[in-house]
Amino acid sequence: MLNIGLLGCGRIGQVHARTILRLSGARVAAVSDAVPAAAEALAAETGASVMSSEALIDTGDADAVVIGTPTDTHYDLIHAAAAAGKAIFCEKPVDMSADRIRDCIRAVEAAGVPFMTAFNRRFDPGFADLQARLAAGEIGEPELITILSRDPAPPPISYIRSSGGIFRDMMIHDLDMARFLLGEEPVQVFAVGSALVNPEIGAAGDVDTAAVTLTTASGKICQISNSRRAVYGYDQRVEVHGAKGLLRASNILENNVEAATETGFRTAPARYFFLERYEAAYRAEMASFVDAVTNGSAMTPDIHDGLRAQMLADAATQSWQEGVAVVLA
Amino acid sequence: MLNIGLLGCGRIGQVHARTILRLSGARVAAVSDAVPAAAEALAAETGASVMSSEALIDTGDADAVVIGTPTDTHYDLIHAAAAAGKAIFCEKPVDMSADRIRDCIRAVEAAGVPFMTAFNRRFDPGFADLQARLAAGEIGEPELITILSRDPAPPPISYIRSSGGIFRDMMIHDLDMARFLLGEEPVQVFAVGSALVNPEIGAAGDVDTAAVTLTTASGKICQISNSRRAVYGYDQRVEVHGAKGLLRASNILENNVEAATETGFRTAPARYFFLERYEAAYRAEMASFVDAVTNGSAMTPDIHDGLRAQMLADAATQSWQEGVAVVLA
Amino acid sequence: MLNIGLLGCGRIGQVHARTILRLSGARVAAVSDAVPAAAEALAAETGASVMSSEALIDTGDADAVVIGTPTDTHYDLIHAAAAAGKAIFCEKPVDMSADRIRDCIRAVEAAGVPFMTAFNRRFDPGFADLQARLAAGEIGEPELITILSRDPAPPPISYIRSSGGIFRDMMIHDLDMARFLLGEEPVQVFAVGSALVNPEIGAAGDVDTAAVTLTTASGKICQISNSRRAVYGYDQRVEVHGAKGLLRASNILENNVEAATETGFRTAPARYFFLERYEAAYRAEMASFVDAVTNGSAMTPDIHDGLRAQMLADAATQSWQEGVAVVLA
Amino acid sequence: MLNIGLLGCGRIGQVHARTILRLSGARVAAVSDAVPAAAEALAAETGASVMSSEALIDTGDADAVVIGTPTDTHYDLIHAAAAAGKAIFCEKPVDMSADRIRDCIRAVEAAGVPFMTAFNRRFDPGFADLQARLAAGEIGEPELITILSRDPAPPPISYIRSSGGIFRDMMIHDLDMARFLLGEEPVQVFAVGSALVNPEIGAAGDVDTAAVTLTTASGKICQISNSRRAVYGYDQRVEVHGAKGLLRASNILENNVEAATETGFRTAPARYFFLERYEAAYRAEMASFVDAVTNGSAMTPDIHDGLRAQMLADAATQSWQEGVAVVLA
């Protein structure tokens, strides 16, 4: 039984807490949050103790920590948890600065603690099946990948102002997915973007509609597109072409009912809410973390994956701002 | 070049005439119709001569005849054409009476002329592909077949009154399809029916919604359903289950465009009009007739297929009227 | 918090116990099973007490009982639980004899206890959505319904011998679904069946491939087909036609990945295992029971639904055996 | 009846000739080809006269010319036909040089003759329906467009050497489609490409896998991807996102049969051959030309569309070669 300390009891912390409740090999031992009421509510639901984050990291009650606090607190918590010898599960992004992530890597590696970066989509059953079949050679080497990712609706402008921008806050998932599937590091990034959904997003210095092209040293190509709006649900698709064919993961609809009327055949929209869409992914992700800690096996995606995705997001942001293709070292 | 005489220049005669125009191995040599203007219009379009049906059958200009006249004229035309040694392509039903079809069989066999009964759906690319794969053993022997066939809208009541009823006029296509796929004669027929689309159809002594169950000696089962209404287009589907899986032919839609909006994902309706839906089938059917006459190869479906389908339609009608399962000899 | 006593700790009992664990408004208070080890294992998993069935029914610890024992024990347990004033959730079939179910109805109604018959498919999100939209008039009154239900593989012959036959053990779900959707009682049943999957099933006096036609007083028609085999997964489909169009629920596949290769486009098989296929249905079903008991609202499907489905299964069995359409009172 | 002179009797010339045969408002009056046997064969099939290209342009027998000769002959033929006052239907590309196309525009406009550039995909029923609905505002203004276009197999290396490269010979169709759908000129082009299908294509100075990003002045984005290989058939898809949803055109499969076996559900590959895939488009395209000439209505796509697509292809080629985003005047 792995004892987990939960740092941050907001929306994503609650997701992880409820996921852990359904796992047989782990339990929520302790929770902390800057807002005491949030910690207490989640403690009541999970049977965990409420602690300060310092106490939670110091206590012998937690073998591992789940970091779901605001991004700017990750750096210190990672350093403290690493120093305390805890296994670490950290929400993306690890940090907004690639250099600070490099600091975290040093701390984590010095302490020798396991570290998982929470790119949950790798654990989605569809994307995971697709990647496994691709890696097994079902269609040969990937040559051209299309990743399409559209949120059902834009976040508040206040969020946009502090998120680091669409490439760092939203497309980072797709950039990680590209790395997961390409099997090779992108060496060039080209990005364009527009504020078409909401001009206030543009006024805040960001875009809401964006497209990125990645290329690798061997010439593999990946096209990503993002939008902050999709009225027909949360649109999440991946398509990979290789010499022997294509593999693609389609959207998950709200239900399996179809109607046919004078206007044609109609199915339900795609699942709208990210928790519902990625419920299975969150479960598989946490199960993978618990298994890896328990069995001492390798973690993936690890902290280096967190760094590479951030570097790609930084490069995409720069490419969009400067209108040039950015070459990665 | 096969010279074809066309008996009957109504809707189906025009379909066949235009189909022949596009075939390289045949031409419309002569046409006849009880309505002179109809014959003249089609003659102008095809370059054929206008003749009386007697002259058309007697003339040496036609090697084969296509009979598309009203059903009650088929009997005499078949006898005359057989006596004149013409290859015969005859619209379904061959005749409304199984006994009279048996007379026709005797005349055709005595004359030794080729005879094709025009069950066009056997030549639909989808149904033909399905049947070929089934016959090749792709899913093993058929065990359970579902045939669903719905017209977009009911015919006029005047047509209903003289059509012989839904089982003889509409379901006969599905009964032939069942025989085509089962590879074995049905030995029992059970039918139910209701007038749900239009009560006037019920008042005319017919039904507009019907379901039939066929069983064969070895225990294969086929379920057929028919309706005179399908607001989403002409609904024509077949599904066959065997030990190794299923084969099915889906509807053909008006186009390949899909829209996604707040209400979900929507495609076009099914093709609405039978000529559009079965355009490829009409072409393949006539090409098959021309080829078989030209090469002296066997015809299928032949006049015996015409008889068996009529016997099944008669049995379904009786079963519906009497509420009992009817056993075929 | 509703305290539930679980009678029967076999496969279906375990499903219900694990479902209750995930509901916030109920808990498993006590469990019983003829095999003590089975009861103890489930008690350990749920934190329940182990009791004899008599003690469980007598104890004040349980407000409601879930009956998941062998069918021939239902009768006595229902009578005892009703006498003890417990709300009752009972697996299908309530009993193999319609007359004995009528006895149970008298006992349940005399005691005034709530009773749910566990036709789980009514709670499947797809079928429930379809029924709700049908009831709301989206396509008008149902006219013709097709229900297709195929198990992935046949049960052991030993099960076949005591199951009451395919119509009572397997098709009963589809007969209940037909009633759920038709909104009107079937008045005539016609059935055919064959042993095509396994001749031993035929030797045991049953069939493994079956088709039934139901008709209602107003002329609505329902076609059901069943097979004990579907190599491509658990095939569970419903299609309803009305004046304004069709509604259908398609299969749920193992995942949302599609491959395209030289042989075409290929998706995953349908979910194979009934627990996986109907996981959401089991959860919604138990939640509905707990809600109805807690709020004193009406139960559906109730014990009368259990009786009507059994009567239809009996009629189908008789129709198959005698080769005639059976009219229900 | 429009009399058409056909310049060039190769593969595409034959397509157009056979298409004209099926139109009621036009006929092939004369044909010419540098290879006399090719002209004679097509003359025999169509009933046309064989002439030299000069005679064909001079003769009063042809009201319009269809130019299907090699690209480097277009320039002179366009000038001659314009001078002779013929309506002109010209295969794409109009010329390999944008400046020479500008010369042609001057000649065509000076002569005041109608001119259609043969971007056949605009006439594909699916793409045409999609564009019409987009233009009608069904999903609002287009914001992000994805065009995916993959040939089933690469052309011979000899073709690659003289084609002008993938952006000019293959992607030009997609660049025109982008313009057709965007409703606004692209102002920036970024391209990447690799030789992944066949290294000989790379050795010949071209790529076989390519991706382009277009942006317009108002910020609309279009992603195009191309490959010279698609083992599952000719892959031709378009997807457009707007504020109110998406519109997409899917592939057209070889048939409508689906099989389900232990490995899942499988449909046919996409139609493999461009003539089969775009048969309806070629017919609608020629019908549109004949109608516009006959009725004196505006032609679309016209010669300016031919120029703009060529300019985009040139810009994409430059972007790929130089690794920079190219801004169009």
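As written, the chains take the letters A, B, C and D, and residue 1 is the first residue of each chain.
Just so it is clear, a residue touches a chain if its C-beta (ideal position, glycine included) is under 8 Å from a C-beta of that chain, and two chains touch if they have at least 3 such contacts.
What you are looking at is a predicted structure, and each value in this text was computed from that prediction instead of being measured.
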Of B-C and A-B, whichever chain pair has more C-beta contact pairs: B-C
Most distant chain from chain D, judged by the mean position of its C-alpha atoms: C
Cα-centroid distance, chain A relative to chain B, in whole angstrom: 58
Computed distance of Cα centres, chain C from chain B, in Å: 42
Shared-contact residues (touching 2 or more other chains) in chain D: 231-232, 244-246, 260-262
In the complex with chain A, residue positions of chain B that touch it: 231-232, 253-254, 260-270
Touching residues on chain A, where the partner in the complex is chain C: 22, 125-126, 129-130, 133, 138-139, 244-252, 255-262
Residues of chain A touching chain D in the complex: 143-144, 146, 148, 150, 188, 190, 192-197, 209-211, 213, 215, 218-221, 223, 225, 227, 229-232, 241, 243-246, 323-325
